[in-house]
Amino acid sequence: MQFKPLEGRKYPRFSAIKTFFRLPEAKPTQNFDVALFGVPFDGGASYRVGQRFGPQGVRELSSLGRGYHWEKSINIFEKLKIADVGDAPTVPIDLKQTYARVEAFVLDLLKNKKKFIACGGDHSITLPILRAFHKKHKKPLALIHFDAHFDTYPPAWDCEYHHGTFARHAVIEGLVDPKKMVQIGIRGPFAVKEDAEFCKKQGIKVFSVDDVRQQGISKIISQLPKFGTTPTYVSFDVDCLDPAFAPGTGTPVIGGLTSYEVQMLLRALPKLNLVGADVVEIIPQYDPTQITQLLAVDVMFELLAQFARR
Amino acid sequence: MQFKPLEGRKYPRFSAIKTFFRLPEAKPTQNFDVALFGVPFDGGASYRVGQRFGPQGVRELSSLGRGYHWEKSINIFEKLKIADVGDAPTVPIDLKQTYARVEAFVLDLLKNKKKFIACGGDHSITLPILRAFHKKHKKPLALIHFDAHFDTYPPAWDCEYHHGTFARHAVIEGLVDPKKMVQIGIRGPFAVKEDAEFCKKQGIKVFSVDDVRQQGISKIISQLPKFGTTPTYVSFDVDCLDPAFAPGTGTPVIGGLTSYEVQMLLRALPKLNLVGADVVEIIPQYDPTQITQLLAVDVMFELLAQFARR
Amino acid sequence: MQFKPLEGRKYPRFSAIKTFFRLPEAKPTQNFDVALFGVPFDGGASYRVGQRFGPQGVRELSSLGRGYHWEKSINIFEKLKIADVGDAPTVPIDLKQTYARVEAFVLDLLKNKKKFIACGGDHSITLPILRAFHKKHKKPLALIHFDAHFDTYPPAWDCEYHHGTFARHAVIEGLVDPKKMVQIGIRGPFAVKEDAEFCKKQGIKVFSVDDVRQQGISKIISQLPKFGTTPTYVSFDVDCLDPAFAPGTGTPVIGGLTSYEVQMLLRALPKLNLVGADVVEIIPQYDPTQITQLLAVDVMFELLAQFARR
Amino acid sequence: MQFKPLEGRKYPRFSAIKTFFRLPEAKPTQNFDVALFGVPFDGGASYRVGQRFGPQGVRELSSLGRGYHWEKSINIFEKLKIADVGDAPTVPIDLKQTYARVEAFVLDLLKNKKKFIACGGDHSITLPILRAFHKKHKKPLALIHFDAHFDTYPPAWDCEYHHGTFARHAVIEGLVDPKKMVQIGIRGPFAVKEDAEFCKKQGIKVFSVDDVRQQGISKIISQLPKFGTTPTYVSFDVDCLDPAFAPGTGTPVIGGLTSYEVQMLLRALPKLNLVGADVVEIIPQYDPTQITQLLAVDVMFELLAQFARR
Amino acid sequence: MQFKPLEGRKYPRFSAIKTFFRLPEAKPTQNFDVALFGVPFDGGASYRVGQRFGPQGVRELSSLGRGYHWEKSINIFEKLKIADVGDAPTVPIDLKQTYARVEAFVLDLLKNKKKFIACGGDHSITLPILRAFHKKHKKPLALIHFDAHFDTYPPAWDCEYHHGTFARHAVIEGLVDPKKMVQIGIRGPFAVKEDAEFCKKQGIKVFSVDDVRQQGISKIISQLPKFGTTPTYVSFDVDCLDPAFAPGTGTPVIGGLTSYEVQMLLRALPKLNLVGADVVEIIPQYDPTQITQLLAVDVMFELLAQFARR
Amino acid sequence: MQFKPLEGRKYPRFSAIKTFFRLPEAKPTQNFDVALFGVPFDGGASYRVGQRFGPQGVRELSSLGRGYHWEKSINIFEKLKIADVGDAPTVPIDLKQTYARVEAFVLDLLKNKKKFIACGGDHSITLPILRAFHKKHKKPLALIHFDAHFDTYPPAWDCEYHHGTFARHAVIEGLVDPKKMVQIGIRGPFAVKEDAEFCKKQGIKVFSVDDVRQQGISKIISQLPKFGTTPTYVSFDVDCLDPAFAPGTGTPVIGGLTSYEVQMLLRALPKLNLVGADVVEIIPQYDPTQITQLLAVDVMFELLAQFARR
């Protein structure tokens, strides 16, 4: 199989069954490099909900996706074989069951030696993905985490797991190395002062929006942990962006990054040993102009370009 | 306290903190007749989601609510002391915990001898309400159930409880008497033929939309079980209506009742020993013209008029 | 000048500056039969607002308007010279000033011997129109009033005039003859029992939605006052329709007429000495699918056909 | 291959790549009975546009589709092997090229002995489908045509083909037999009196909305042409419905059919030798509550049940 | 009473009756520091309307509000007792009456020694608030005014008072000291050249968006009048922001401030003797993604932090 | 005739028949300087569609337009006589016919010695405008082209002309001088690497968003071709802006210019011999908050100010 997208100049971009980037649907056992898949789940969401429709929304908008990266001078579809492997199985009303099924789904991809980008879903879905890596490789990953929130928050309503806790569990379970972890886009207000302490104690590098604006992007990049060849994961919550650029999300926070800053940050990242990534917290129902879904497509494109640089 | 709504000709209807029908907020221990409350929960929903915002949406639209029932010649606010008792506690990501908390909340109302109307929330929230009645009174209720769906469906994704199972559990747990139970507005298509069998076996009276249209409302009413003085509960899922009349719902089905038919059915009901009721499956985010939320207000009004007839 | 609409098969209906029905703009002194104009005002509205954008919204949708009435076998644009005379002057924040300006604007039309249809605006704008007739002709009009509400309500917030009082003032000021007045589409609930009494005392014929449904349209028509050659005015509030058919309005009420019933009622009216009419309470901002605006166009078409029957 | 839809109780209905009814994607050469496909095209539209996004919108909503027809007691997925064969090739800015490609696409289906339902697209796409039948079978089809419009209109802007002419061309080209042709849902106003004459001259049976309402559905059905075993095609334009039931369409007309009437009509049709069908003029961008797309799914379901009855 | 907000980790943020920041409702006579209230009024608006729904919209979104200010290291809910005192009384169709009622409402707050933030309403509501201060203290206030417009405009449609005149009246009536007044965010185009002259003559400091961008925020701050201990009022019109960041407003102007610039400006203000503030011109109906309402919540938070710094 | 807009302080901005900037409608033969007209066409669009409604949408929002340019200290309505000449004739389903009609329409304007700004329509409409110039003046124009895309793309679906090819044809047909041509706002990703080569070969100056951000606006301006007195055309595609600032467009691309940058660029342009301009690719249906339409009004205002500077 070719693993090339349908060409827009042959088949209009509004036509055909919607897969990510108009790529072929495939099974993990087939011969390709990077898998794209959805994790339609919002059972961890604390406020707005509808992240379950994120994957289909992003698939639709990804029809506008193109392959040639002007700044990097690479065509991702020439460098990589990419396929849509469908959606991970989820249970809309049972987070624990969903965790087990997503973990198994990702483990299968890893066994088939696939890199991948997951499209959420609320942010709770990152934890089972990271657990799958750990089950496979037994070593903590480096983590680049874009978000308005630390996601190291305490339980809520007596629930240990929700969409604001994945980062805390990932550190505590040893899935990621806090010394090789960075958070970008964080901003207040917080519920309580203590919300900022977990990261401080764990030595996680945190770059707020103020940091990005006051220091500039290249300085931020220069302060990143040295990822080297450590298998690295990127988790991208679209609420790191200002709601003007990404309104279609679960818990928007005023004063976020612009779409251009996000592009600059992703492009300025060093060549990584990127093993997986996700883009999460997209809610089409709050995205009447589709700009959030389109942004998610762009982030997936930049992440694919990172895969292609290897 | 007066338990009268704010007057629209003194305080514009768009003003003031939003309670149901602009009524005072009160505690269950206070001296009033009927409690209105929200159950903001959508952790049982299988497709669209956002029923958690139902109560606040209906509170907002209920500012347009008025008290004098032209056909019945009664003013509900003169006949009854009605109050908004806030929202039942829920856990957005844990159906079991939510069930426990909603049941306790309703039990407290019952202990304070309140009648009530609950505003959902997805339809899974009816079960803990019915359980509270059973815990208090140890006797099955009569049930008038408006819906497009039987809600007697099997488990889904290995989950015993979801928003399409409350009626099955209610019967099996003995919370309602299937011989004094009626379903109105049911229509196909169904997933499988077997979906219709539970009701048949249990002897539950089912009136489809075809039945309503072909026989007429008065004939339908004449075939209802004899409720007599049996404590009776009304559960109203807005998807009994056609999506043209109630688009803002979780699992809309084409070919439903009109708003007028619903009014006629509610008004034609005999004088009941109504002890509680709910209006569920309202999703403001899918209701851009607010007509579903306004319809829910109207249903609450008709139910309050039923309370007032006693 | 021709006073014919732009032809859709020559100039696409989405093109050209938007006038009512794509008709020429004209001055009252020009030689035509029926004037169409807007009254962009919402300073009398008690709840939703934005009726000031009604005229431009209806102008836009009227591009879909056509001239041949199938049932009546007449082409309104062959029978009548119709023109768009622009908008009546209004003062958005001063109802009294607006009344004076609208009255003067209509008086000028009457002096130029024009029939007309006004496009509102909230329902408060009907009163100065009726006053202009009275100033010119010194005789009460017959009135056919489509509405969910009586509009004979008492003052609100100490304001004698608002969008729910025009009918009361029209009767009291002798602008209309209550014996030749009919209201169609009325329905509850009401704020208080007394809201229904003014009409009863004045002997105004009221047909509720129940009346229309239970008696049928031809029986309703047979009970209308005998209008004969009395100069007759039709005031059409789109909230006489159910919100499913006309969501874009200021104070929607559940359980209203269907668009088909409205068409049947308008077509079944006897040949009238129609001198003027209005269509009011259209709010484009609450009409995302434009069906309310399109309905208003249809009502204007039926009223023009009534003019054309003479 | 099984040609069964994904089960909603195993895989949540909001998950998975969107195909019609969650069915497998297949090639025309595979072994199944009925093909479903999209024709994403709006190059024939005279007013609103965006019908090109109709197929993807209907695919999305068809996730709510179910298989068991309560009234007919048949499960379409047990009776039939159904598959999604993707979208017909179209050229967004060239109607003639599109006609050639759609005709070839359908001809290929016919050569593979498939029945099918096409999902439009504006109504201009029906003509090349009918031409394909004629190229294959050299005999005129019977045609059941649901629409607000005759679609026998003259050229517009000097263009012989547009979305209001397919029926005229189909008759003139001998693709359908006007004596075995019926139009249902037609209503005024028309641009000119002459618009109604083509059908009259050709002896096409026309049932207006008035006819349906005044005579009732069974009487309408009794007057249909005798289709017998004539290969029959159904073309369903969603604007036959009232805009309250199908707002998301190109040229809505007030006063249309209800969703229930459409269901009744489709169910009351005699057993046909149905060879193909289409559902057209769906515009998701004008369908914020998705009810038009859901209605289209329901129509497809009823048509599939007609196929299943054979 | 505690005057603490409901905790989001105990009671989900989508639940409970909506008050500002989920705070208790209280009467002015109770023992707290800062009152939050709505002024639901749009009777002064010249173009878009619906500011009357601003308070309820902001109350809803303020459920996402949090208390800990990261940059200032203060928790506003620990430093201050804050309460929601409901809405000021307004008369939707009478600006003069509204002015009297709002003034009396604010005077009552001042007599009870409350600081406050008002949530509008259109910008005309600031004048009666300032009048209340003058009636109480007989001394002009300092004024920090964020806006796209000067609001010193002449009468319109012969109306002396409208939503573009409050600043002119405030200066002329001696309610504010023009030497201690600053306007930020101003930008063209203007209707006429003369629109800029009032401020120049009065010596009001004006910082355009160009000034902010070209000079930078710290330089702007350094040029502010010395407020010292002068009682100071902040009036924040959300149209100071670019419509991309605040679309839901009455008279948007292209080329405005970003949400981040607004945060930086508010945080960079010196410690003020802040006595009152308002956030105005929010229209939920034009804010489909809710970002304007969320921005208003953020501005209220920054203003509360200013109160908390004292 | 005066050729002045209706005054907002006399006639509310929401009133009156909608022309561009509330200016008089005129014929090309009348005595004015600059013509504004619409080109309602989207027959060249490859993805989203509805640009046909662009002119009416921009006309509506232009009611908010004002005449005094603060930075340039000129009132465009004092310096220039401007009129709305209606819409160019178009054929929605025939690009070739549309090209002929638009060319003839513009030629007529040129023969009447009018400058003009066209309001699109998709970007394919620029080509016939440029052809009209060439037919009249036989000399290539200078071209300032704002866009996210080169619009020098190859044919698509075997169609030589579509909305991404105008710049290529303009160069090849000699309508514009590539040495006096500049493109601003260009950004990736591209479909293929070759997409960037036409401009390079032709020596067209291209400024990407990166260029604008990294070099600053004044440096960009300093590198522009020397336009001198060469007749110059400005073609402004709103997708040069980031979708946060201009969501209502056909093929949005993440990472674009801000509204402020666009204003700065337009204002920093040297005094040009501007002979015509267009603003294209506005789709009201994707612009729920109207900010794209308002942006288009602002661009028209800046272009009018450029005309006024001469």
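In this document, chain identifiers A, B, C, D, E and F correspond to the written order of the chains, with residue numbering beginning at 1 in each.
Definition applied: a contact is a pair of C-beta atoms (placed from the backbone, for glycine too) under 8 Å apart; a residue touches a chain by one contact, two chains touch by 3 or more.
Keep in mind it's a predicted model, so treat the numbers as computed, not measured.
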item: Touching chain B and also chain D, the following chains; value: A, C
item: Self-contact between copies chain A and chain F, residue sets same or different by half; value: different
item: Superposition rotation for chain A onto chain E, Cα-based, multiple of 5°; value: 120
item: Cα-centroid distance, chain E relative to chain F, in whole angstrom; value: 38
item: Where chain D and chain E are represented by their mean Cα positions, the distance between them in whole Å; value: 55
item: Chain B residues counted as touching two or more neighbouring chains; value: 12, 14, 46, 52, 91-92, 157, 244, 286, 288-289
item: All chain pairs that touch each other; value: A-B, A-D, A-E, A-F, B-C, B-D, B-E, C-D, C-E, C-F, D-F, E-F
item: Residue numbers on chain C that touch chain D, as the complex places them; value: 7-10, 12-14, 63-71, 73, 75, 244-245, 258-260, 263, 288-291, 294-295, 297-298, 301
item: Chain C partner contacts - residues on chain F that touch it in the complex; value: 11-12, 14-19, 25, 38, 40, 52-53, 55-56, 59-60, 84, 86-87, 89-92
item: Interface residues, chain B side, partner chain A - complex; value: 42-46, 48-50, 52, 91-95, 97, 157-159, 161-162, 285-286
item: Chain A - residues contacting chain E, complex; value: 46-47, 154-157, 187-193, 195-196, 208-210, 213, 242-244, 247-248, 251-252, 254-255, 286-289
